[in-house]
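What follows is a set of structures to go through.
In the two complexes that follow, chain A is the common piece, with chain B as its partner first and chain C second.
Our next item is the complex of A and B:
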């Protein structure tokens, strides 16, 4: 396990071998025979789950949580909890009001589930340090958070009510910057904006709404001297140039993108990139051989700025 | 006065370029002028949505654009649907549709639903995060020919297999169709589904094919 190797790869540098990150998420709970909801609510169990997964998979880095409901919940969205999954957001306070009119306030360390995450990080961080494993901080990106706040209407508001959409997404970007600051304070060496919904829009929309509203968080991460990344998913070929130019040290993608395309793009922009083991077909269902799939990913990824990881 | 062809073009163009007012006006004119509503739906609105599907597949349109088009289409459908003579619509068939338990993703499901709406099916939409047994209950209540389930996550996808078992136990003649990003033809086969469609565009066609296959099978069994 090697922290520096991972940080180098995330920053687009050459590494002797590619580092590896299992984005374990609530799989950490499964590995310690606990339900996901119980683990996510209990700092001791969360720390135990994360450290256990890091050890078991000999990880170079591991996220504290991979749960995009934390930020939404910290500003007032309600959650439905699951034993085998991350919680889902059930209420959308901005479904008919702007964040200001809905009375939404920027989160503090005491908001929502942040106290649990702080406590868990305090326990996990020294143990991960002993393992030479990065504690990663992943938070919800502006468009995905806006879709939690306003619901699906945010997509059509981009056209029908652009002022409203701008207001909600700007607020979401500010919440993200605060979350990034929290993770920096917890000691995360790598902090990533995770915006899956940003894969569902065209390049112009990305540049208008996602790029500017990611800047506050990127500034916080870089001012704290940490490494930044932008996680996107799906077949987002058309916005990949924008992702490369957003200003983070690198990005991560999922199983739907072609690794050769992604590698060439990352090299061109001199940023780090990670992915794209096939989560569904290989790791979950075994319809593809996970071993062969891994070899394909590794062969395409190469040794410059590449992190081996599930998509 | 606009001709039928002009109105069809206005409806089609209005859906493709999400011009809501244009769609509403053209639909209302079509009704006022006594043009056949079903033709307006199929060769106007649905023809437009077909182009939208292509644009989406070619990555020229994305989710926001498709949802804008869907909004425009529904405005036209709301005006035209009441004017489709009962004998024409003859409720082609019924479908129970929903996003599986644990899954709140419903954008894709709603597009599939729209295609069934357009095709004149009676749609029973259970919404999202639908408890597994509710698919079974709703099928029994409505006697729908098709149950269509959507899953967007590897974890929730596994619930579909259980629903298939539960439904087939009670009623082997129901055609079950699966869809959603992690689902493939292989997954559908593995879970014992009758059909699978990659996109909303071919969901209805697949539904009809499935019913056809089941009827043939039933006939053979009876012979």
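Our next item is the complex of A and C:
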């Protein structure tokens, strides 16, 4: 377990061996025999779950939560809770009005579930420090948060109603910057923007909406002296150059991308990259050997800026 | 089903994966008139039925919206009008095609999304031993 190794890799530097990050998320609850919803609502259980997973998997870093509903909930979206999954967002306050017209306010430390996360981080952070494991802060990126706020119409508005889309995504970017500040305050050494739906749009749309509205959060992370990353999911081939140029120290991708392609792009742009042990095909379903899959990822990733992680 | 347009959404898991979730919502938020004309199902590849459907439809990426077994939206969350046009192009008869086209300017409806997602089994079959149907 080695914090500095992970920070170096996230910043695109050469490391003696690749560091390892399990995005344990609600799997932390499974490992301590608790339902996901119960763990996520209880700071003591959340801290227990995260520290336990970090120890069990000998992690160099671990997210406090991997839950993209936190920011949406903190500005008024309602949630549906699941015993074996993260909560899902069920209401969209901007489905027919702008954030200003809907009366949405930027979150404070008292909004939504932030008090639970602050308390959990306070308990987990010293224990993770003792393990030399980074407490990672992951928050919802601007386009995914805009989707939570306005619903699926946002993907039509990007093209048909760009003024509205800009207003919603700008607000989402401001919320993200506040979330980044919260994680910096909690002591997270690595803070990542997680924008999975940003893989579902065209490159020029990414540049118009995602890139500018990620800047406020990136500034907050860098001004705090922390390390930044941009996590994206799915087949994001069409926006990968844009991800490399967004301004974070690095990025992480999932199992749908080819590691050689990703490695070459990351090296070209001198940024860190993480992935991509196959979450479904190997870890969940066992259709591929997780051991051999890991060897493929490690061989492709190499020793420059690479973090071994599930994809 | 000859009197309905069949839509299969291939996902990782529409609860865990936001892109998958909004692919599902793009169908669940279609107007109620369109809901009457479509039959749709989430196929999460976290279970064997979903893997079977992914292979059967020759899926390539997740998430994907298949309309009448065609891979139509692969890793692109569709705009409303694009969905309407692709469904109209695959309608089983002229009357349904015209009825769908007439709703092209209607836009998404958000009041019955949760009910519609439940009907499509969204988020309900995410274990390896889950059965979709």
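The working rule: the second predicted complex is superposed on the first by the 311 of 311 C-alpha atoms of A that agree within 3 Å, B and C clash if a C-alpha of one lies under 4 Å from a C-alpha of the other, contacts with A are read in each partner's own complex, and residues count from 1 in each chain.
By our rule, a contact is a pair of C-beta atoms (placed from the backbone, for glycine too) under 8 Å apart; a residue touches a chain by one contact, two chains touch by 3 or more.
None of these values were measured; they are calculated from a predicted model.
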Requested in this report: Overlay done on chain A, so just call it for chain B and chain C: clash or fit.
Outcome: clash
Report task. Give one of first, second, both or neither to describe whether A:152 is in contact with chain B, with chain C, with both, or with none. Result -> both
Query - Partner chain(s) touched by A:95 [first = chain B, second = chain C, both, neither] - result: second
Query raised in the report: Which partner does A:211 reach: the first (chain B), the second (chain C), both, or neither?
Result: neither
Query raised in the report: Can A:82 be said to touch chain B (first), chain C (second), both, or neither?
Result: both
Requested in this report: Please indicate which partner A:188 is in contact with in the superposed arrangement: first for chain B, second for chain C, both, or neither.
Outcome: neither
Query raised in the report: Between chain B (first) and chain C (second), which, if any, makes contact with A:280: first, second, both or neither?
Result: both
Query raised in the report: Of the partners chain B and chain C, which touch A:74 in the superposed model: first, second, both, neither?
Result: neither
Report summary line: Winner on chain A touched-residue count between chain B and chain C: chain C
Query raised in the report: Does the superposition put A:144 against chain B (first), chain C (second), both, or neither?
Result: second
Requested in this report: Please work out whether A:196 is in contact with chain B alone, chain C alone, both, or neither, and reply first, second, both or neither.
Outcome: second
Query raised in the report: Residue overlap on chain A between the chain B contact set and the chain C contact set?
Result: 80, 82, 84-85, 88, 90, 152, 155-156, 159-160, 200-201, 234-235, 279-280, 284-285, 287
Report summary line: So, in the complex, the side of chain C touching chain A is made of residues 12-19, 21-23, 25-26, 29, 45-46, 51, 61-63, 74-81, 107-108, 110, 113-114, 123, 126-128
Query raised in the report: Along chain A, where are the residues that touch chain C in the complex?
Result: 68, 80, 82, 84-86, 88, 90, 92, 95-96, 144, 147-148, 151-153, 155-156, 159-160, 196-197, 199-201, 233-236, 256, 279-280, 284-285, 287
Report summary line: Interface with chain B, chain A side, in the complex: residues 80, 82, 84-85, 88-90, 152, 155-156, 158-160, 200-202, 205, 234-235, 237-238, 279-281, 284-285, 287
Query - chain B residues within the chain A interface of the complex - result: 18, 59-65, 67-68, 71, 102, 104, 106-107, 129, 153-157, 181-182, 184, 186-187, 190
